[in-house]
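Down below are the structures I want you to see.
Next, two complexes with chain A in common: one pairs it with chain B, the other with chain C.
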Partner chain A sequence: MKNCNSENNEFDVIIIGGGITGAGTARDCALRGMKVLLVERFDFAAGATGRNHGLLHSGARYAVTDKESATECIKENMILRKIAKHCVEENDGLFISLPEDDINFQSKFVESCQAAGINAQIIDPAEARRIEPSVNSTLIGAVKVPDGSVDPFRLTLANIIDAKANGAKVLVYHEVVELIKEQGRIIGVTVVNHKTQENNKYYAPLTINAAGIWGHRIAEMAGAKIGMFPAKGSLLIFGHRVNNIVLNRCRKPADADILVPGDTICLIGTTSSHVGFDEVDNMRVTSEEVDLLLREGQKLAPALATTRILRAYAGVRPLVAADNDPSGRNISRGIVLLDHETRDGIPGFATITGGKLMTYRLMAEWATDLACKKLGIDKPCVTMTEALPGSREEEPMPKGKTYDLSNRIKRSTVGRHGDMASKIASDNEFDNSLVCECEDVSVGEVQYALKELDVHNMEDLRHRTRVGMGTCQGELCACRAAGLLSEAHNCAHQAKADLAKFLNERWKGMYPVAWGEALRESEYTQWVYSGICGMNKMEEK
Partner chain B sequence: MNMQQYNISDNNFEQCIKCTVCTVYCPVVPVNPNYPGPKQAGPDGERLRLKRGEFFDEALKYCLNCKRCEVACPSNVRIGDIIQLARIKYSKSKPSLRDMILANTDIVGTMSSTFAPIVNTTVALKPVKKVMDSVLKIDQHRTFPKYAGQTFVSWFKKEAQAKQDLFPKHISFFHGCYINYNYPQLGKDLVKVLNAIGYGVHLLEKEKCCGVALISNGLINQAKKQAKININSIRKSINEEKRPVIAASSTCTFTIRDEYPHLLEIENDDVRNSIELATRFIYRLIESGKVKLKFRDAAPVKVAYHTPCHMEKLGWGYYSIELLRHIPNVELVVLDSQCCGIGGTYGFKKENYKTSQGIGASLFRQIETVDPQFVATDCETCKWQIEMSTPYKVKHPISILAEYIDVEKTINLNK
Partner chain C sequence: MKFDTVIIGGGLAGLACGIRLQNRGFKCAIVSAGQSALHFSSGSFDLLNELPDGTAVANPEKAIHLLDKKHPYAKIGDKFPVYTQEAKQLLLDAGIEVQGDSKRNSYRITPMGTTMPTWLTLTDFTTLETPNEVIGKKILLVNIAGFLDFNTKFVADAFETNGAECKIISVSLPEFEKLRQSPTEMRSANIARVLENENTLNALVAKLKEASKSFDTVALPAVFGLSSNDPVKKIKQLLDIPVHIIPTMPPSVAGIRTQKRLRRVFELAGGFYMLGDSVVNAEIGDGKIYNVYTVNHGDIALYADNFILASGSFFSNGLCASMDGVTEPVFGADVDFDPNRNTWYNASVFGAQRYRTFGVATDDQFRIKINGKVQDNVYAIGSVLSGFDALQEGCGAGVSLLTALYVADHLKK
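The block that comes next holds the complex of A and B.
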């Protein structure tokens, strides 16, 4: 095995997991002067980070049941609006009471919100109908809260970009296969490079496990046991925005009671059910879940019943089990930081888990504080004020009188990349021509992502740009993107295989909701790729 | 789960499966690269506009509302309507003085008819055209249709109205602005033909411009007001007087039938089937054996029929074509169905002149290749465009019918 101890494989801290927690921790550690390595087995945000509502919680949802989480949420909510404004949409949220709900819950809810520092205002149902016309018109009460939406892919990427800018080394498609132990102490990790199948060893006095639900297994490698509770949550994505304000039910958290508008689409979710660890890598949405999501979703916004569904997907919450709650609903969403040295007698190893997308920054702060303590670094955290790349400039949008086509593309690009959009080439017709027509992704944007944003395949590209996330689900954009990918990586064979994989992945999400127009469109897509592009022939070979 | 209920969407744009055939059939796309095309401007753009109105793209004004995208769409997406509605809802640009002048066909028509000789001479003068070009941005290559000294309505009231009650059957005639102010002869031709087959022709109680130009120039409230007046009169004619409403212009007919409910939210379900185009009305009478036409002997003429876009959208080109084929001396050549480029007032605007002529170029070439004695079409603005852009005269099928019909023999045949 190559790689003996040398400059290149020694770090101050190794972070396992490229979700939002790992990315945030890598950034915080790097900002505090540590030499950081982040390893991720697939792509950034490939797990629970990319499989949730994208809700910028105000904390109101937890105000009654979990005040600690609620307080954390509202604080982080206000911070993210400042440091990550290109990832955030300040939509506001409504907690509505329907005739079947107990209206008396409302006053308790508002009281709890205010106690947690959440600005919750009771508004007239008529006013609610006015500001959000899609809302169930039979509502009997409404409370306005500072909810919003947040794009988890963008947020993760912005943290990664800043971590790298501050010297962090980031390895995607590198999976930890072993924690290197020396005299009971974790001194590094062995990772396998999924591209080359090579094993490499990296060393650091501290390894932070930020692998979400997969952290359960990482901890086992170290010889520690964490009582993780994999709770599956399923969601449905609709083809376009039905609502512009987040809609919640004003009652104790239950299934399918949040409808979030995010970018061009809206999402209803979630369900909550316990799953086994053997299932966490292969989540499938059942038809019962689809049925439940639609049935409950319609109560928030009746228009959902007749709105085209793009796809269904499920994520696994890395909850840390505390009692025998079979649903996982009542477990605290609070942050769990485990110092395995004090907890299990395993020095050099810590786990940061629990929490939520909303509180990732605080989780990173706690984990980094612990790292500082272990490594004897005395530097304060600055992430609550230091804006992320993309959100640093005040007015990234060039001011023009009218918005011609290229301005519309610019608007979409700036929406995705914030002030980093200036790095995207838009000098000629080719740069400006569209790869993804549903989401206005230009050739220039794809090339920027290929060059600068660690894109290895189509799925990565989708996370960076929204290619394939629109209503056509890859029908028109996938082959164009594959063409650019093949050019950039100079390998047509791999790009073709990748294209097939990407389309199958898209189909996987459509399968549970394959009826009506979505089914018709997927049939058309299949016809284009099999019939015209001959992709079925390719597989036979 | 009841799957059926999830198959029906109120969001027409969701039926789009991105096949892009609409953009292939869009006449603007190949000649104006600033226009994103119907797929992008319509269903794709609609998703973005639902996200935030600021994604509205002023380039949507390059849509000439020909609706050929809708004809091409296999998924029944009302692409043209989506684009027009987006313009109505989101456009921030206010109609200019020029747009008001172009859009208000009947106010301008009333004034111009009164002073027809002066107006006709003045607007045809080169220096005046130059001024209109630079000040009003009405392209100097354009020639305004001449105004008639006597409107169709005043002729009708004086010369024809009295005897209409004597006929056994009756229709109401939606004459439209063009017949009334610019070309009363077509109205007279229509009265001649319908009277010959035993139909009395009547004016509607009140008639305003159908509003097509108001819609395309963003004057929606005025369009709604006029549409309400029209639909009330139409209702009275159809429901109370039991007279179907006939128009000669394919665009007026299309606007009243389809644009009223789709763009102006004016329902017409109860009367829509009784609003129709003159050629279709007559053709169907012939087909069902209810009337017969007799034509006089005349020298053979070669006629080329151009299908207007809104005729294509109505799906009624067939009726005009087949009716013309009934005329023994007419040798009919059906031109490829393509947009002439004028799009009503669209082509008069300086900024659209190049696009407009670019769109029409292949039609003009085909006409010149066919080299007919004259061109036939059901749309007045197509007529202007073809006459402005080729050396050929353009006639309405009804006028051709009127020219060759043997009135005496036809009357006797239908007694």
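The block that comes next holds the complex of A and C.
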């Protein structure tokens, strides 16, 4: 039985998952005229999307072992530089050979890159040292490739903003608890609103599962089985940019061999290990992983040994076994699009998974093409040329303001929001007052995020603005931001609980690396919030 | 340079020890790197709020017998009540007006509006007898417009939970405009500096008088009195209804004032305070330290009969943690810690943290050890010591003050 106000509950397509794949698919579907609903159980980019290197792969890493992935990467790399320039840093990358590496691998590597269409150039080690002074000076070879950095939070949000601008409905903190079946066909979803605990039903002729590793369970709800394997990858974030060019090892892909500069920090990763499905919601980085990341990272850039570590975190990549290989030994890192109607006899349901951050747009295109086919829509994909909001204008700052942000803050906000920075109030001194001094986040920017960017809590706010992401990891800005949050949502009680949760989340990433300066900072934060504010006792109450 | 005693660290412990020693006729120098934990304090001094197992303490004097023998208080033993009295007297003599009783914890109001047990509280602030006591029925909660480190909503929420009725207002004065032009200047100490001007303070009081007419209580952020508590007294005197000053997020105006006062008293007593200096090296003999060298004094050594390490915990760089250990950087003193890093932390940020119990190992007279050997003339006091978790137990200020006085009294000329 459908609800009376069925208008509002009926869509052309329902997308499950607010990571980059779901966001990209929602945007593509909306651009092609579909009535779209996207549901996400937490916040945007809360899963694997927000827990990776933020590397704009040139594809070089895969050139030798997986030409198809390499070719996809370089194509998407070039597209993202155009359509998402406010999310991308064109840093370039170096693949270095160290004395312990086989230098003969280099020629094979360059050949493979060129075959995949990647502009890879061998440069002299001395030249490599000149353009990237942090590089291990004992290197014996270097290849320059068009790697870069990409901010996955910004990229996801830009897709969401554009999807909404094209009519998509987006529900965060709404978890799918049931796929509605009628005569063997999936006709919709039941979601629980985590804020109100209410259940709602939504209907569409097609539901697309874009839930990453959690899509395993969604598929099971539909009665389909996908051979997925959660692969944990741990990373370390350092307090500043040690390097300005992405550093990789010129060898077969291994643990901890990519150092990526991004925004104000740089990060090393990843480790790689299979974990159980019971662990995917509570990833913790072990001290062994930290030790390994540091040991290997120092080989790329020796300065890491003395650089302050901000935090450690881990993501879960969904590895998918090929359908003809139930043992799971033949695992693909490529894009997997499953039409469950033809595969499992379950009409109305599809899964888009595998792939990587780099190829999200292509994944979205494939999934949307399938949706078009199912719904009889004949419209071409335009996402390879249509720029995302934030990257549309050349000169993003508005003119004619009586009082401008100081240049430094201006650079930060434009960097984070691109041409959307013009929506950030900067009319007076109140708006310009800084909430977060590490990352130059103003009151105006926080209020813009609270009003316009689906911010429900402190974690959301951090993802939108970088509040609490700097060296102090939210020491004083957390409390200031919580104050603004409680004013915007008019609920101090909730904001206090949220502040406590936020501080715990920050600590979770800090304690695996809490020695030296990081421990000093942590002790101070604990002194402020437990000692002075008494929040340790509030939690008990 | 020759002193009777050189104290390394100019925070609460170092200064209390230095004042006591000067008063006993010792010639002291304090080497201080800069700001101390007092700059970030709550405006109260905790003695003992909880036992390590989490049991709440109502009467600290009675509870110290339940502490492990490694706890600094256990080393002070039966003299504990004497030293709590003398510590309070030292603060009062320094012109730092405090109230509180070591036989009975009282309650302070936090920047979140909640209450926490404590021992001594600066008279700027309010001391409550019970945790759920309200400061008024109809409270006007005032903030300075644009000041983000005082969270009126949180404070109001806590007060209202206990049955009070709150109205929040922001006041602005033209004198704050200059601060506001810079995005980082609306902080507590800067606001306090503006309010040091009597005319500005009067203008604020006039606004408060007008706004508080239908209320029975006014609550204000602690942005008054960098050098004395006169501004607070003045406000309380000029308004017709009770005024309560609520602590803000750091920096702490009252804490900065406390630090300044203690330093002034130390210097007036003849002590030598070397601000912005730090010890880089020490000449260590057989169970004894001869002298220390500092950054600012280069090759001029500071000689002394006794040395006192009051350099604080990790935050103050009195202790340094690396991936596989904890060291004391000044003398390389032996440190109590667990070499297994996995045991250092509690996954909850608000939980007891084992790393906070790490610190310098001492004998029963608070003398440090180097490679297991007790150093006859080197003592450690305050947060650099091992054997307690200042945050979980709520005993940081107490340990600093009491160990400072205890060690000062046991030094021989």
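Quick note on the criterion: the second predicted complex is superposed on the first by the 516 of 541 C-alpha atoms of A that agree within 3 Å, B and C clash if a C-alpha of one lies under 4 Å from a C-alpha of the other, contacts with A are read in each partner's own complex, and residues count from 1 in each chain.
Note that in this section contacts are C-beta pairs under 8 Å (C-beta built on N, C-alpha and C of every residue); 3 or more make two chains touch, one makes a residue touch a chain.
Because the structure is predicted, anything quoted here is derived from the model rather than measured.
Participant: Look at A:Gly239 in the shared chain and tell me whether it touches chain B only, chain C only, both, or neither; answer first, second, both or neither.
Facilitator: Only chain B; A:Gly239 stays clear of chain C.
Participant: For A:Lys195 in the superposed arrangement: first (chain B), second (chain C), both or neither?
Facilitator: neither
Participant: Scan A:Lys537 for contacts with chain B and chain C and give back first, second, both or neither.
Facilitator: It touches chain C, and chain B stays clear.
Participant: Contact-wise, after the overlay, does A:Leu503 reach chain B, chain C, both or neither (first, second, both, neither)?
Facilitator: second
Participant: Which holds for A:Phe430: it touches chain B only (first), chain C only (second), both, or neither?
Facilitator: After superposing on A, A:Phe430 lies in contact with chain C but is clear of chain B.
Participant: Is A:Lys108 contacted by the first partner chain B, the second partner chain C, both or neither?
Facilitator: Neither partner.
Participant: After the superposition on A, what does A:Leu476 contact: first (chain B), second (chain C), both or neither?
Facilitator: In the superposed model, A:Leu476 contacts both chain B and chain C.
Participant: Scan A:Trp515 for contacts with chain B and chain C and give back first, second, both or neither.
Facilitator: both
Participant: Could you say whether A:Gln526 touches chain B, chain C, both of them, or neither, answering first, second, both or neither?
Facilitator: second
Participant: When the two structures are laid over each other on chain A, which of chain B and chain C touches more residues of chain A?
Facilitator: Looking at chain B versus chain C, the one contacting more residues of chain A is C.
Participant: Check chain A for residues that touch chain B in one structure and chain C in the other, and list them.
Facilitator: On chain A, the residues that contact chain B in one structure and chain C in the other are 287, 291, 294, 405, 437, 476, 515-516, 520, 524.
Participant: Can you list the chain C residues touching chain A in their complex?
Facilitator: Counting only chain C, the residues touching chain A are 37, 40-42, 110-112, 114-116, 145-146, 148-149, 151-154, 156-157, 177, 180-181, 183-184, 186, 247, 249-250, 252, 313-315, 317, 320-323, 341-342, 344-345, 347-351, 353, 355-356, 390-392, 394, 396.
Participant: Which chain A residues qualify as touching chain C in the complex?
Facilitator: 287, 291, 294, 405-406, 409, 429-430, 432-435, 437, 442-443, 476, 479-480, 482-484, 486-487, 492-493, 495-496, 500, 503-504, 506-508, 511, 514-516, 519-520, 523-539
Participant: Can you list the residues on chain B that touch chain A in the complex?
Facilitator: Within the complex, chain B contacts chain A at residues 1, 3, 5-11, 14-20, 34, 36, 39-40, 44-48, 50-51, 54-59, 75, 93.
Participant: In the complex formed with chain B, which residues of chain A make contact?
Facilitator: 239-241, 261, 263-264, 287, 290-291, 294, 303, 305-309, 402-405, 407-408, 411-412, 437-438, 440, 470-472, 475-476, 515-517, 520-521, 524
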